[in-house]
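Same chain, two partners: chain A is paired with chain B first, then with chain C.
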Partner chain A sequence: MNLEKYDEIFMEALELTKDQLDGLEYQGVSSWDSVGHMNLIGEIEDAFNIEMETDDVIAFSSYEKGKEILSKYGVEI
Partner chain B sequence: MGNRYDEEYEFRLAYDYEVPKIMEFIKKYWGNPKHILATNESFFRYEYCPFARPNIYLAINKANGEIAAMHCMYFYSKEYVRGQTDMATGMLLANPTVRVPFIGIELHKRVLLDLKPRSYIAPGIDMKTSAPLIKRFLKHKVERMRHFYIAGNDTGKISRIVKKVHSNAKKNDTQLDLVLFNTADEMYKQFCDERFKERRPYKDRWYVERRYFNHPVYKYYMYGIADSTVFVCKEVKRNKAKALRILDILGDPSAIKYVGDALEKLINDNEYEYIDLYEQKMNDEDLLAAGFVERLEDDVNIIPNYFEPFVQENKEIWVNRRDDETFCFKADGDQDRPSIINN
Partner chain C sequence: MKKNEDGFLYLNKEDIYEYLKNRPPLLMINEAYVKPGEIATSKRVLKEDEWFFKCHFPGNPMMPGVLQQEALFNTAALAIKTIDGNKDKTTNISDISKVKYRRHILPNEEIYIKTCVEKFRRGLGFIKGEIYVGTELCMDAEFILVVLDDVISL
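What follows is the complex of A and B.
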């Protein structure tokens, strides 16, 4: 359920297809630039009802890393 | 500090020998390779190199020594004293391919932490990219500068006045003259600078002379009101018409309420289409008493902001201030910088 939601956010915020998610990194696609990152973080926070700390926002550097970070906030993906 | 940025980047003030490299960075990443700061070193140095080292902070990639981001500043006093000097920010630019997000805002944070300005103004904020980061990471407000004008009798060559609006406010019973200062000596004989050091921002004589009396491109008209106030003005021209822009107010801005008649005379004597003013923190009542009306966001009337090149459109200027006690006018930061220099 959380994984589905997480993937959905990535696909919508960054205009990607599911097969593009594995191994995806910040700046790895043109839509994941700083503006895309801002939107992505905002959508994730809204969807999971969390507010990330600045260091975590900056550290959120990949699709996989994001899952790790969300677990800090009690969101298991 | 110590966060992920420190693993990869060094944050420091630029060196003078880096100016050509900084200009190349602007040429590559600003989006306009012909930008004046990318192509005119003389003007670049006037703008950002009044001291031995440029007023520019850099984020440098430790691995390859390349600039990852740059942050330009204006110091409003000759002697910079942490906690006492006021400043404004100019161009803030990041390499868009940097692997860590938001390095620009991180650089901005580092600058404020290091320099500890008494107050700072960051005008010209991009609402789509920078504003959300400023609100989130700095917890600062981003506000729209308010735009006021007094229309003359003949309009239409620069402005577009569809619906003439007059201030309904009563003029102040006391009316004062505007005195034109031709030199800084004249100005400082009348203007009591000492009284206004607590006003934010305070611009010292060194800054005023350099910025307004000795600008390499623009001619400014400095109008004094008694010993409390100086309007910094500039004429703009188009289609054989002229307008006057009040770009800064030194000292006490509230004295504007005493010069409604003087401003009207200025318009008539010079056949100005209008006089306009962008501001933050002034009292509405003072402006209305002087005859100004507000140009609203969705206004049918157009009072242009861009003249190089000319664009007959209303433009909003968004500004970040750290506190509500700081005034902001159009000449703060880089909002009154030439784009074109005619040689």
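What follows is the complex of A and C.
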């Protein structure tokens, strides 16, 4: 359930298809630039009702890394 | 800068100069009513001798669409920059979509510019903007206004 939601956010916020998510990294696609990143973080925070610390916003550098970071906030993907 | 009972701020030209770095001829507004973080509106009477009417177009003057967008950006920036702590931050536009031009804007008409902040988080303002002459909608658009200082570079 959370994975589905997580994927949906990536696809919508960064205008991607599901097959682009595996191995996706920051700046790996043109839509994941600094502005796209803040939009993505905001969407994730809204969807999972959390507020990430700045260090985690910076460390959120890939699709996979994001899953690890969310677990710190009690969100298991 | 005055504040009325509804929580709206009135900004005159001098106040606007304090908040915006734009200057004429690319400052399209002279006064504004602003509810910080929520809504900003402004009005402007377009005189016959406005610089852009001379060149757009000779013999058939109308306000250029790009300047209509600039008027929206100027107005929306006030809604974001009047939020506490944002006054001296730099704002840019990162995205504009759903732009529709519905009616020409002509000399001697007064435009009413309305911008609403749909969402503001992590330095991104999601804005809906409209320009009217009287009750007629002339153009509308959606755009993202970015507070650059709040966008973290990784």
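In this text, the second predicted complex is superposed on the first by the 77 of 77 C-alpha atoms of A that agree within 3 Å, B and C clash if a C-alpha of one lies under 4 Å from a C-alpha of the other, contacts with A are read in each partner's own complex, and residues count from 1 in each chain.
Here is the rule we go by: contacts are C-beta pairs under 8 Å (C-beta built on N, C-alpha and C of every residue); 3 or more make two chains touch, one makes a residue touch a chain.
Please read all numbers here as calculations on a predicted model, not as lab measurements.
Q: Counting only touches as set out at the top, which of chain B and chain C does A:Asp55 meet: first, second, both, neither?
A: In the superposition, A:Asp55 touches chain B alone.
Q: Touch check for A:Ser34: first (chain B), second (chain C), both, or neither?
A: both
Q: Per the contact definition in the header, classify A:Tyr26: touching chain B only (first), chain C only (second), both, or neither.
A: A:Tyr26: touches chain B and chain C.
Q: Would you check which partner chain A:Ser71 touches, where first means chain B only, second means chain C only, and both and neither mean what they say?
A: A:Ser71: touches no partner chain.
Q: So, does A:Asn2 touch the first partner chain B, the second partner chain C, both, or neither?
A: In the superposed model, A:Asn2 contacts neither chain B nor chain C.
Q: If I apply the document's touch criterion, which positions on chain A are contacted by chain B in one structure and by chain C in the other?
A: Looking at chain A, the two contact sets intersect at 26-27, 34-35, 37-38, 42, 54, 57-58, 61.
Q: Which residues of chain B touch chain A in their complex?
A: Interface residues on chain B, with respect to chain A: 3-5, 94, 96-102, 104, 106, 128-129, 132-133, 137.
Q: Touching residues of chain A toward chain B in the complex: what are they?
A: Residues 26-27, 33-35, 37-38, 42, 54-55, 57-61 of chain A touch chain B in their complex.
Q: Report the residues of chain C in contact with chain A in the complex, numbered from low to high.
A: Against chain A, chain C makes touches at 94-95, 121-124, 144, 146, 150-154.
Q: Which bits of chain A are touching chain C when the two form their complex?
A: Touch list, chain A to chain C: 26-27, 34-35, 37-39, 41-42, 45-46, 54, 57-58, 61.
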